[in-house]
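Letters A, B, C and D mark the chains as written, and numbering starts fresh at 1 in each.
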Amino acid sequence: MNAPHPHLAARQRLYDEMSPLNLTPLWEVLHSLVPPQPATPCVPALWKYDEVRPFLMRAGEAITAEEAVRRVLILENPALRGQSAVTQSLYAGLQLILPGEVAPSHRHTQSALRFIVEGSGAYTAVDGERATMHPGDFIITPSWTWHDHGNDADVPVVWLDGLDIPIIRFFDAGFAQNDVSKSQQVTRAEGTSMARYGHNMAPVRHDAPFGATSPIFSYPYERSREALERLERDAPVDDWDGVKLRYLNPLTGGSPMPTMATFMQRLPAGFSGKPWRQTDGAVYSVVEGEGEVVIERQGVATRFAFAPRDHFVVPSWHTARFSSKQGCVLFSYSDRPVHQALGIHQEERLS
Amino acid sequence: MNAPHPHLAARQRLYDEMSPLNLTPLWEVLHSLVPPQPATPCVPALWKYDEVRPFLMRAGEAITAEEAVRRVLILENPALRGQSAVTQSLYAGLQLILPGEVAPSHRHTQSALRFIVEGSGAYTAVDGERATMHPGDFIITPSWTWHDHGNDADVPVVWLDGLDIPIIRFFDAGFAQNDVSKSQQVTRAEGTSMARYGHNMAPVRHDAPFGATSPIFSYPYERSREALERLERDAPVDDWDGVKLRYLNPLTGGSPMPTMATFMQRLPAGFSGKPWRQTDGAVYSVVEGEGEVVIERQGVATRFAFAPRDHFVVPSWHTARFSSKQGCVLFSYSDRPVHQALGIHQEERLS
Amino acid sequence: MNAPHPHLAARQRLYDEMSPLNLTPLWEVLHSLVPPQPATPCVPALWKYDEVRPFLMRAGEAITAEEAVRRVLILENPALRGQSAVTQSLYAGLQLILPGEVAPSHRHTQSALRFIVEGSGAYTAVDGERATMHPGDFIITPSWTWHDHGNDADVPVVWLDGLDIPIIRFFDAGFAQNDVSKSQQVTRAEGTSMARYGHNMAPVRHDAPFGATSPIFSYPYERSREALERLERDAPVDDWDGVKLRYLNPLTGGSPMPTMATFMQRLPAGFSGKPWRQTDGAVYSVVEGEGEVVIERQGVATRFAFAPRDHFVVPSWHTARFSSKQGCVLFSYSDRPVHQALGIHQEERLS
Amino acid sequence: MNAPHPHLAARQRLYDEMSPLNLTPLWEVLHSLVPPQPATPCVPALWKYDEVRPFLMRAGEAITAEEAVRRVLILENPALRGQSAVTQSLYAGLQLILPGEVAPSHRHTQSALRFIVEGSGAYTAVDGERATMHPGDFIITPSWTWHDHGNDADVPVVWLDGLDIPIIRFFDAGFAQNDVSKSQQVTRAEGTSMARYGHNMAPVRHDAPFGATSPIFSYPYERSREALERLERDAPVDDWDGVKLRYLNPLTGGSPMPTMATFMQRLPAGFSGKPWRQTDGAVYSVVEGEGEVVIERQGVATRFAFAPRDHFVVPSWHTARFSSKQGCVLFSYSDRPVHQALGIHQEERLS
C-alpha cells in the first residue's frame, strides 16, 4: 500500500491539530452541506390500520391514558428510528382513548392537530371549550393553550396526532406545563368558536384569541366533505391533486397553525393522477375509499395500496402519483407554512 | 358705520391681489380645516320602508330595468342633496327588479354590496356565476367584475345597494365599461364559490380571484343568522353592540371589500344599549324585529323607531344608542376599512 | 313649445313627490356617477415662485406667524377655489417663517409634509426632537404628534406644506388640539431619529414610534441628491421618469405616511420623456434646474416651463410629459398609498 | 436480581412486537419531547482569533480557494461535532481568501451573511454587482443568487460566514448549482444597490430584486458605527444591550434575510449589563474593544473574555451578561426571524 500524497497528509495534520479548537474544514463536506437538490434521509412508509390497530388496543390494556398522559403509538419514519419523527420536521402518532378515560390537561409550545380516525363521542377541550369528535373531523390545539381529552362514549376513539415536535426541538424553543387539575373547566358551550369564526364572519371585538393560530379549533368533516363533493361535481378536477382544499385560518387566510398546513382532497373514481414533488414532506390519513400512491426517487419506486384509516408519508422531493378506482378521500398535513415563511418552498408538477 | 381697522384692510387688499394667482390665506380658514373633532355635514336620516316602497313600485312602472340600467332610488342624506351620497363617502340606494326583467351587464371600479330586502328568486351574476337572492343575503360585486341582475321569480325583488361611489369620485379613480351582451354567460354552477372558499377551506391553487375582495360573493342569511342566534344563547352579549359580527374575506381575515366593511348584529329582546360613537358613518338595514336608535350630537338628539326593511344612517362621530323590546337583527355597512388603512379610525364607547 | 312626453312628465312627478323623502332616481345621474374613466374637476396649474414670493413677503408684514398660527398661502386649484385644495384630495401651501418667529405647537389627525424651498436654519420640532431645515429637505409631521416651527436664523425660510386635509375632511375623521406651551420641550438631540432608523438599521426595542408613519421625520436633501446622481451616472435612465426614487418608511418599506407618497426625481440634461398618466394627482416642487411639462387631457394641452422653487400640479388621469435641456431635480407628492390601499390605483405609460 | 414487574414485561413485549411496524410508545419519551423549557444540546464556545488565525493561514497553504471552492474553517459547536453547526440551526465559519485568489461562482438555496473580520480590498460579487470588503462590513448573499469572491488586494482577507445550512438541511429544501464561469460578469457599478435602496428611498419600479431578502447586500461599517456612536452619546443606553441596532431590509422593515437576523451593538466603556436569555441562540463577532460575557445555565457559568476578531456563541435559553471596561462593538446573528415567523420566540430580561 502506498503512502498518501504528501499534501493530503499535510491537510490531515492540519485537520487533526485544529480539531481541539472545534475547527473543521468546510471543503471536505461542502457537497453534502449544499446538495444539488434535497437529499432527505427520510423514506416512504405506510402504516396499514389493520396491522396497527391490534397494537393500539394492546396499548390500551398495557397502560391507562392517565398514566401515559397521552397513550400514543408514534409513527416513526423507518430511516429515523429513535427520533420520534415521521419526517425530519414532523411528528405523527395514533392516540387511543378508551371509554371513561381522561388524558390530563397540559399545555406546550408545540402545536398539535388531531384528525379523527375511528369512533365518535370522545372530546378535546381547548381553552375552556370542548369539541366532540367524529371521524374525519380536524381539531387543533393551538400553541400554549391548555388542553385535555376524554371519552364519554362507549367505544374506543382513535385519532392521528400531528405535531411540530421536531421543529420546536430543532429551534430549542419548547416550553411545557402540567395543569393543576386533570380536566380543565369548561367555560364556553361547545360550538361557540365555530359560531364566532366559522361562518365567514368574526366578532367585532374578539380577534385572534390564539394569535397566529386559527380561532376555529374544530373543522367538522361534514362540512369539508360537502365542499369536496360539490366541487367534484361542479368544477374542473385537477390532473395532479383531484379536488384538493387547504384548511384556512379565517382571520388570516393562511394555514391553521404557523408550522403546519392541512389539506383534504378527493380523488374521483377512476382518477389516475400525474406525478408531482414538493420540498415539504407530507403525512396522509385515508378517510374514505381505496387507492394507491407510487412514490419515487432516483429511480427507486415504492407502491402503496391504501384503504380507510391507513397512514403513509411522502418525503420531501420524492415524486408521488395518486390513483383510485373507486374514488377516495385523503387528509394530509405538512410543514409547508414554514417553507413558505422562509422562502424555500419549491414544487414541481410533472407530466 | 366705521371703516375696518387699517391692517385688516391691508390684509384684504393682499387677499384680493393674490387671488388671481390662486393663492388664499390659510389663517382665515385654519380652524375649519383642522377642527377639534369631526364636524361632518351629514345628518341622521331614516327611510321607512312603508313610505319608500310605493315610490319603488311607481318607479317600476315609470321605467324598465333595462332602460334604467339600474332601477334604483338613491337614499340621499338630507344634508347632501344632489350629491348621490348617504354619507360623504358612501352611496346607498334601493334597487327594484320586476319578474322577467334584466339589469344589463357592466363593470366598474366601484365596489358594490347588495343586501336583499324583499322577495326571493332574483339573481346577481358575477364573473360567470349566479347567486340567487333571499332576504337577508349579503352579495358582493367586486371592483371591475362583470355583473348583471335578473328576476326569474314571480315577485318583485328589492335590495339595498351600498357602493363606494363617492370615494372613487373623490379620488378620481373610476373606470366603467358596458358589456357587449345583456347578460353574461354562466360558466360555473351556482354555489361553486361558496364550496371553494366558504367552508373555512380554500383551493390549493385558485387564491384570490378578486384580488383584495372576498372570493365568496354571496353570504347567505341562513348561516349568518344561525351564528348570531347561537352566540346570543351561549356567549356574553356586548353592552353596546348586542351580538355583532363582521363579515370577513376568508383569504385575508379583513373586510369583504377594501372600501367597505359589513356587519350583522342581533339585539336581544329587552336590550337597552350603551352609547358609542365612531369616525365611520354607517348605514343600517333592518332585517327582523323592531327597535329604536337615539342619535345625538352637540346636544341635539334624534330618535328613530325602526321596523323590518327600514333604513337609517348614523353619521360620523354622532353618539348612537340602540334598544329593542322584542329583539331585532340589523345589517350595516361603513367605510371603516378605509379609516383603518389610513390610520384615522377612532371609536369611543361611553357609559 | 310642445308638452314633454307623457311618461317623462310621469317620471318628473315621481321625482318631485319622492324628493321630500330624500329619494332620487339613479338612472338620471348614473353616467356621471360611474364615468367610463376618471373625470376629475381639477385642472393643471402652475405657481411661479417669482410671482408668489412677493405675496409671501407681504403676508410676512400683514400678520405674524404666531397670530396666524401658520402663515401659509394656500395653493388652490383654479377649479376648486374656496375648497383649500390643490387636488380633490390634497392640500398644498407655502409657509413663511421670519427670523425670530415661532409657529406655536399643536397636533392634529392630518399628516403633513414639509419640503424646504428657500432659506436654511429654521426648524420643525416633532415629538421632542428638532430638525433643522435646508433647501431640498423633506420633513414629516406624523398624524397626531405635537409640532411647532421656529426660525433661529437671520433669513426668511419658506417651505411647501403638503397635507391630507381634504381626505380627513371627506372621511369626517379630524381631531386637533393646541399645546399649552408655544414651543414644545426638546427631549432628544437633533439627529437621534436619523441615527436610530436612518442607517438601514433600527433599535431592537423602539419600533414604530409613529405607528404607520416613518420614524425618520427628516430626510436630508444631501443624501437624496447623492443617490440620484449616482444612479444617473451608473444605472439606466427610465424613459418616462428619468431617475425617480420614492421615499420610504424603513420599518415597512411603504410610503412615509399612510396617506401620502413622496418622490424625488432627476431628469438628466437633454431628457425628453415619454407621456404617462396615473389616477393619483401629484404636486411638484422644482428643486434645481429648469424644464417643462406638457399636461394633456381630451385634446387640450397645457405647457408649463418651470424653474427652481416653482410649483405645479398634474391632475388625475391627465397625460404628462417632461423634458429638460439642462437637467433638473423635482420633488413631488400624491395620495398614491390611498389608491393602492383601496385597490384603485391605475397608471399607464404611453409611447 | 429480580424479574421486572409483569406489566413492565408486557409493555416491553408490546414495544418489541410493534417495533418492526415502525411504531414506538410516546409515553416513554414524552418528557424529553415536550420539555418544561428549552434543553438545547449546544454549549457556549469561544474561538480566540489569535489561536484560530494560524490554522487559517495554514489552510491557505494547504489548499487553494479554487480547489476548496470555499476555503473555510467551520466553527463547530463542541457539543455538535461532525454536524457542521454552531447551534442546532446555524452554521458559522471563517473564510480566507488570499491575494489574487478567486472563490468560484455558484448559487444555492441557503442564505449567507459575510462579516468582514480582517483585511480590506477583497470583494463579493452578487447578481452582477461587486461589494468591496472592509472590516466591520456586513454583506449578504441572498438565497439562490449567483455569487463569487475574489481578492484584488495584497493582503489576506478573512470574514465570518453565517449560513442557515442546518435549517435548509432540516427542512430538506436545499438546491445548488455551479456557474459555468469562475467569476460572474459584472453588470452594475459597485454601489448601485446602495444608491437604489440604502438612502431611505427606493426605485419606483425595481422593488424587491431578491424577494424577501434585502436589496441592499452590503451594509458598510462606517455607517453602522456612526449610528451607534451617535446613539451612545445622545440617547439612553439599555441596561441589558447597551446600544443595540438590528439591520433591516428597507423594503419590509424585517430582517435582512428570512432566516437570519443580524445586529450590531456598542457596550459603552464601563458597561456592566444585566442578564437576559432568549430562545434564539446567537453567534458573536467582536469588532472593536474588549469585554467579557458570562453565560449560565442550570447553575453552570462560563466566562469568556473577548478581544477583537474573537467569536463566541450564546446558545438558546442560556442566560448571558455582558460587561466591558473600555467599551466594545459586537456584531451578532441568530435565527430570530424563524422563531418569530413560527410564533415561538421568547425572551426574558432578568434583573
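In this text, a residue touches a chain if its C-beta (ideal position, glycine included) is under 8 Å from a C-beta of that chain, and two chains touch if they have at least 3 such contacts.
What you are looking at is a predicted structure, and each value in this text was computed from that prediction instead of being measured.
Student: Identify the chains in contact with chain A as well as chain D, in label order.
Tutor: none
Student: Where the centre means the average of the CA atoms, what chain is farthest from chain D?
Tutor: The most remote chain is B.
Student: Which pair in C-D, A-B or B-C has the same interface as A-D, with over half of the contact pairs matching by residue number?
Tutor: Interface equivalent to A-D, from the options C-D, A-B or B-C: B-C.
Student: How far is the middle of chain C from the middle of chain D, if each middle is the mean of its Cα atoms, in Å?
Tutor: So the centroids are 43 Å from each other.
Student: When the centre of a chain is set as the mean of its C-alpha atoms, what distance in Å lies between chain B and chain C?
Tutor: Comparing mean C-alpha positions, chain C is 30 Å from chain B.
Student: If you average the CA atoms of chain B and of chain D, how many Å lie between those two points?
Tutor: For chain B versus chain D, the centre distance works out to 52 Å.
Student: Going by the touch rule set out above, which residues of chain B reach two or more other chains?
Tutor: none
Student: Work through the pairs of chains, note which ones touch, and then classify the graph as line, ring, star, complete or other.
Tutor: ring
Student: Which residues of chain A touch chain D in the complex?
Tutor: Chain A residues touching chain D: 7, 10-11, 14, 17-18, 21-27, 29-30, 33-40, 42, 45, 47, 51-52, 55, 58-59, 62-63, 67-78, 81, 84, 87-89, 91, 93, 108-110, 143, 164-177, 211-213, 258-259, 279-281, 315-317, 335, 338-339, 341-346.
Student: What part of chain D is in contact with chain C in the complex they form?
Tutor: 188-189, 191-192, 195-196, 198-205, 216, 219, 223-224, 226-227, 230-231, 233-235, 238, 241, 244-253, 263-264
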